[in-house]
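Please read the structure below before turning to the comments.
In order of appearance the chains are A, B, C, D and E, and numbering begins at 1 in each one.
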Amino acid sequence: MLQSFLQNILNALQWGSFYSLIALGYCLVYGVLLLINFAHGDIFMVGAYIAFYCCMFLLGKFGVFAGLPGWMVLAVAVPLTMVLTAVVGVTLERIAYRPLRRKGVNRLYVVITALMCGLILENGNLALLGASRKSFPTLVPIKVFEIFGVTVTNIKLMVIGVAILSFLLLHFIVTRTKIGMAMRAISYDRFAVPLMGIPADTVIVFTFVLGSGFAGLAGLFFAMTYPVIDPYMGALIGWKAFIAAVVGGIGSIAGAFAGGFLLGFVEIMVVAFFPSTYRDLIAFSILLLILSIRPTGLFGVARRTKI
Amino acid sequence: MQRLTVPALLACLFGVLLWAAGTGALNVYWQSVLMFMGVNIILATSLNIINGNMGEFSCGHAGFMAVGAYVSSLLSVALFTKSQVFGEPLIGPAAAVWLFPLVLIAGALAASLVGLLVAIPSFKTRGDYLAIITIAAAYIVKSTIENIGAIGGARGFMGMSAVMSAMNETINLPWILIWVFVGTVFSVWLIRRFIYSTFGKGVDAICQDEIAAEIMSVNTDRVKLVAFMVSCGLAGLAGGLFAHILGYVNPGTFTILKSTEIMVMVYLGGMGSLSGSVLAAILMTLLIEYLRDAFGFLNTFLHYISVIPDSYEVTQVWKWVVIPLLLVLLMQFRPEGIMGRRELADVFPGLRKFYKFKG
Amino acid sequence: MLLSVQNLRVKYGNIEALHGISFHVNRGEIVTLIGANGAGKTTTLLSIMRLPPPEAPKVVEGDILYEGQSILGWETHDVVRKLHMDLSPEGRRIFGNLTVMENLILATYARKDGEEAIARDLDRVLSLFPRMSERRKQRSESLSGGEQQMLAVGRAIMTGCDFILLDEPSMGLAPLLMYEMFRTLKKLNELGLTILLIEQNAKVALNFAHRGYVLDTGEIKTSGTAEELKHDPEVKKAYLGG
Amino acid sequence: ADTVKLGFNIPLTGDIPDVGESSKNAAEMLKKKINDAGGLKVGDKTYKVEFIYEDNESKAESALSATRKLITQDGVIGMVGPQSSKQAVPAAEAANELKTPMMAPWSTNPNTTKNRPYVFRGCFLDTFQGPTAAKFASEEFKAKKAAVLYDIASDYPKGLAEDFKAAFEKINGPGSVVAFETFTTKDVDFSAQLTNIAKSGAEVLFVPQYYNEVPLIVQQAKSLGFNKPVLGSDSWGSGDLMGLCGDNCKGFFFVTHYAAAGAQGKTKEFIDEYTKLYKKTPDDVAALTWDSANLMLAALQAAGPMSGDLAKDREALMKAMAGIKKFEGITGNMSYPATGDHDPIKCAVVVKIDDAGKFAFYKSVCP
Amino acid sequence: MALLDVKEMTQYFGGLCAVSEFTVALEQGQMAALIGPNGAGKTTVFNLVSGFYKPTRGEIIFDGQSIKGLKPHQVTSRGIARTFQNIRLWFEMTVLDNIRIAQHHALGYGLFDCFLRTPRYMQRERDIEDHAMEVLSRLGLAEVASELPKNLPYGVQRLVEIARALSIKPKLLMLDEPAAGLNSADVEGLIKLIGDIHRDYGIAIWMIEHQMDVVMSLCSWIKVIDFGATIAEGTPEAIQNNPDVIKAYLGDDTI
């Protein structure tokens, strides 16, 4: 009993890590543009595919060169994936979001555009790469340790570590640095930002680089953990991660991080101790409760309008 | 006199539909397309109250649709036909024709009650947090249904088509078509009267400046409550019709994707524009149906001019690339939707004399 | 001539707000624009700062020269960081989700002139508005109207620019503080700060400024030194309240 | 009308697109074969056959509207598919209502054909598959305790899981299924369920799931320290199981409809031709679709000359199909009972995934 | 007996005491002012009275009944209307609609009336519209009735806000810095207008204002607060010459 409880805590940590990683990206972009970037889940998916092709290439599967050992591939794939995914994210912002921003339209129209871009990524991928799924290569052979009845794998540990590090990094950037302040300022009043000598668009691009980059990272590790990748893999987890981000208090990095793990825990624990069909029911009831009690999420600050 | 033009037109349209359906000039397939169009109109216009007029961001409309769908389906199956789930009918097929509208209304009421699930939090919670509450509510509804094994759980529930045929046996008319038509007209009419009253304008006031509204004597809580319940109720109505058109309901239908589909119609039409939502609903339905076949032709054409190798086929998959693409482009060129905040009457003032808005 | 605006015509969408106005500001001067509500004062400043539409207007004709070179093609943040020109906008536009201190620090984003210069300006601002140092950790959106105004002006000073445009800086300030502020600005001006001021209270404005322009429905009506304007009967009647 | 139209209601997109692809491949191959031979001879006329493929996105409601479209809009005389019971059950209802013959090649869930005169199927039932699996598990692995992990949101896995449970507990006594864990379509993380299973001390894990879920389940089971054999069902055979699962699945068994490896006769011809055409060995869904379509066409010929009035012809076709009592397919012989639902009596095969990753024939189980 | 009677009202924001022990009694039809340095707590007082904040301590009696803890819209229905320090109109709706919506407190019909367009509904809608037009024309805004506020000059927007508050038929009208952002000429117009309103409608008016000419020429009684606490109250003359007030607030006007 206790063992399986501990085991499930571990499972929850792993599952929550992914929610957190994705939620962080949501949170960054939202924190700047108040834009719910619904394409984020699919950028995560694209990240996984990019990671897939990077690894295939580095493993020499395309016969270009001999190929590297697994761990080295991983070492190279991480930055490569992050950069390439970032490029995708920035492209979206350039061709789809920025023009709308320039026109000064209601932000919900940008949100809808984001949704559409998400669909395009999903189905575009489906149409181009074909329907059949891809199996992600095993870079580091799974090692299963057994510590008094609780089984841990190297992958699990790696994932959890990555999530925590990413959080610390982003939290530092947003709260401590000037560019972090600039990000938050943009979210409050984009008009006044240039008057501080801040090139708003640069800051925004920077945000998308960060956000998408970490989506890519998430994609890579997700594919390593659940090595069957398909074009729709990002849709559901994306939505849930977004929900987690909001429950944590959207716009607050710490919130997103906590929210992600919270959701992960609830889901795993419910499945472990109730019929799995109760998962969404219980999980979302809890979230709904939290939001009705703390209308701005766990870490969010109410935007007090002074009259 | 001219005030009556619109009712007159509607009456004609109604007649034509009946005739076409009766003579089979309009085959079952196209009938169903039209009916889905109607359902979409109800959904879009009702969501428009929340996402358009109130400026909130509700992503859970499908959830309320689901409530309506299930409640009315269960009722009509239980009341009018024998089924594995409920066994013998409680009232019997003969009554179906007369009681069917009540079944639909029951569904609507149930939905608007579930609407409280978001209406009440909305007093305190706003914006994107409320958006999440709506999503959560939708999920809760969906997963509640999935957990009731007796009615098929996640595997869906069927038997409504038997009710439909029962109605036809009593009086041979395309009943479902009739009710969809009536329901659509009714909803639009209801919504219009609501949002053009001083009472309903409170909704826009909340959207533009809630604090001012509250301090200028608008009982924001009450207005929100009413708005949500009306909106959700109509969604329920739409759900009921939807279920009876399809003859089968499945919680899997009422996912976020369904909600987004409705949202897209609202924003495509223009936030807060009733006629916009109607137009958008019609366009979207047609577009999707058209693209269903378009690819066949496209394929042969592309092969013919051999831009793509015969081995490669442009399949249905592209449909869901093309549709969002079109929408994205449209957003770029018409960044506030087809109608913006305006109504048909603002675009063609000529129309004004045919129907008055205020008073 | 530091800044010269030549025959400037600007539009919001297709409403023309300025019908070709020309004026100039010399280095070290205090110049004021006075005019009725809706005359186009704010519009002028927004177009000088090259802020983007739709909030700001689009220039359809005329030119804006900074030391003889046109800045029409420039972006706002370059105007600030390269020309050291800054605007304290109408309606404060402070960053409510940042604390008072963060607002002031953010204003130094583009500054290159070293820490001690920043420190100097900071305590200049804090001694002018002691309230700001009391509230340094408060989220600025919960500041009172006047306090927000202080922050907005303080921010403009913190950018370390040598040419600042002030849009109704005294709006909502208590009399005492208003005079206090103008005195400080005067001091800064003597230290070489150039100021272009918009002020509803024409009396104060003309006491403060060296020269002034009277703007009316998008056109320059009269102009001259503060003294001349103070005694111009037209101006007296329209703006100095008889 | 010198063409006869058959509709194919298959999942070209969605969760199990490979299933749709195989079905389409088989159908195309059949169409080509017939039309190259001049066409299909019905009565004294020969018709060209035309197949219309409608995508059901492997969603129940899409399958339903696809059915309606095929029948009312495209005016097909009969419909093949849907493949998975999730879609087949509701689709069958519609087909039956619109009085159009439907042939479900691969839907093993009993409800598909249950008192629906117009609905037929080309494969055995889960009420047979379940016990077969249970028996095999007890005999092959000497298992006294079994665990099941299945998708409760889909008819097929749910039905089959329950059949298996019943049968296994009949053999090994009540409570011998020590873990009966569920998940929901599209889940990817099964760690919680598998933790329970691993702790339950089961000696075999039965996974009646589709090829896209099996690899994840197997891999996660291993990394949670569960090293007992995993037993599969007919849904394993489809799609790119080995491509996705790799070594993890080698050595496992599953119950299915036919084994490509080591087949001969008609079956072999089919396999060779298919392999030549599409560069891969046909999975069972391809074979079953081939059989089903053939059976329907055979019935069409048996029904004699067509009146051109769809309603009449459809009814005639239905009668003819009901008339067929024996049919020799490449997936083995099917014999239909004289009365009741149109479910064939048919043998199942147990396949072993050998170390080369081939689906090798292991044994055949007949009712 | 006083129209508005505030006793020892106190408001804390976290640690800081924005309003402490605030006490005031306004008579029917009185014209009073509340002044004080920035951040003294004036707007907060208004917010407390109009129900936007709930006081930490103290009592608020209006027209003989306690209105402490009522929701803003309830307070307004009791007859307290206000304007805002920075304009809060519904900028996307016509001026007329802005006024109509302010009639929610006296709607007099329910949801189903407006579904069914009952006679009552029709009657009320007509009354509301007439009333709105009447108020607008009283303030000389009749010709902008169908304009969108966002396209109106600042001065006019201020007037519309006042009109909206008046249309509620309040017993007490609270104006938060009505003259802010108006130029000298418009200020004079405003002074006259407020005077007229006070005379014609005979309502009590209570204003916050930093422009002394407005306060001094209109108000018969002035209260000065700093750091939430009262530092002086009395007639304009008394206040103008009160050394504390001069030191804390008025200052000397040499630049």
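Here is the rule we go by: a residue touches a chain if its C-beta (ideal position, glycine included) is under 8 Å from a C-beta of that chain, and two chains touch if they have at least 3 such contacts.
Fair warning: this is a prediction, and the values are worked out from it, not measured in the lab.
Asker: What chains touch subunit A and also subunit D?
Answerer: Joint contacts, listed by label: B.
Asker: Please report the smallest number of touch steps linking subunit C to subunit E.
Answerer: Contact-graph shortest path, subunit C to subunit E, evaluates to 1.
Asker: Find the chain most remote from subunit C, comparing centres computed as mean CA coordinates.
Answerer: D
Asker: Please work out which of B-E and A-E is bridged by more C-beta pairs in contact, and write that pair.
Answerer: If we tally the C-beta pairs in contact for B-E and A-E, the bigger total goes to B-E.
Asker: Measuring between mean CA coordinates, which chain is farthest from subunit A?
Answerer: Of all chains, E has its centre farthest from that of subunit A.
Asker: Between subunit A and subunit C, what distance separates the C-alpha centroids? Give it in angstrom.
Answerer: Those two chain centres are 43 Å apart.
Asker: Compute the distance, rounded to whole Å, between the mean C-alpha positions of subunit C and subunit D.
Answerer: Computed value for the inter-centroid distance: 76 Å.
Asker: Whole-Å distance, subunit B centre to subunit D centre, using C-alpha means?
Answerer: It comes to 36 Å between the two C-alpha centres.
Asker: Between subunit A and subunit B, what's the gap in Å when you average each chain's C-alpha atoms?
Answerer: Chain centroid spacing, subunit A to subunit B, equals 32 Å.
Asker: For subunit A, what residues touch not just one other chain but two or more?
Answerer: 103, 126, 131, 275, 277, 279, 305, 307
Asker: By the touch rule stated above, which residues of subunit B touch at least two different other chains?
Answerer: 146, 153-154, 211, 215, 315, 317 - these are the residues of subunit B that touch more than one other chain.
Asker: Could you check subunit D for residues that touch two or more other chains and list them?
Answerer: 12-13, 152-153, 184
Asker: Quick one: which chain pairs are touching?
Answerer: Result of the pairwise touch check is A-B, A-C, A-D, A-E, B-D, B-E, C-E.
Asker: Touching subunit B in the complex: which residues of subunit A?
Answerer: So the residues of subunit A in touch with subunit B come to 30, 36, 96, 99-100, 103, 105-106, 108-109, 111-113, 115-117, 119-120, 122-124, 126-127, 131, 239, 243, 246-247, 250, 275, 277-281, 284-285, 287-288, 291-292, 295-297, 300, 305, 307.
Asker: In the complex formed with subunit A, which residues of subunit E make contact?
Answerer: Per the stated touch rule, the residues are 43, 47, 52, 84-85, 88.
Asker: Flag every residue of subunit A that touches subunit C in the complex, lowest number first.
Answerer: Interface residues on subunit A, with respect to subunit C: 102-104, 178, 181-182, 184-185, 187-189, 191-192, 194-200, 301, 303-306.
Asker: Any idea which subunit B residues touch subunit E in the complex?
Answerer: 190, 193-194, 197-202, 204-205, 208-209, 211-220, 226, 230, 341, 358-359
Asker: Quick one: which bits of subunit D touch subunit B in the complex? Just the residue numbers, please.
Answerer: Its residues touching subunit B are 12-13, 55, 59-61, 64-65, 68-69, 72-73, 86, 89-90, 93-94, 97, 152-155, 158, 184-185.
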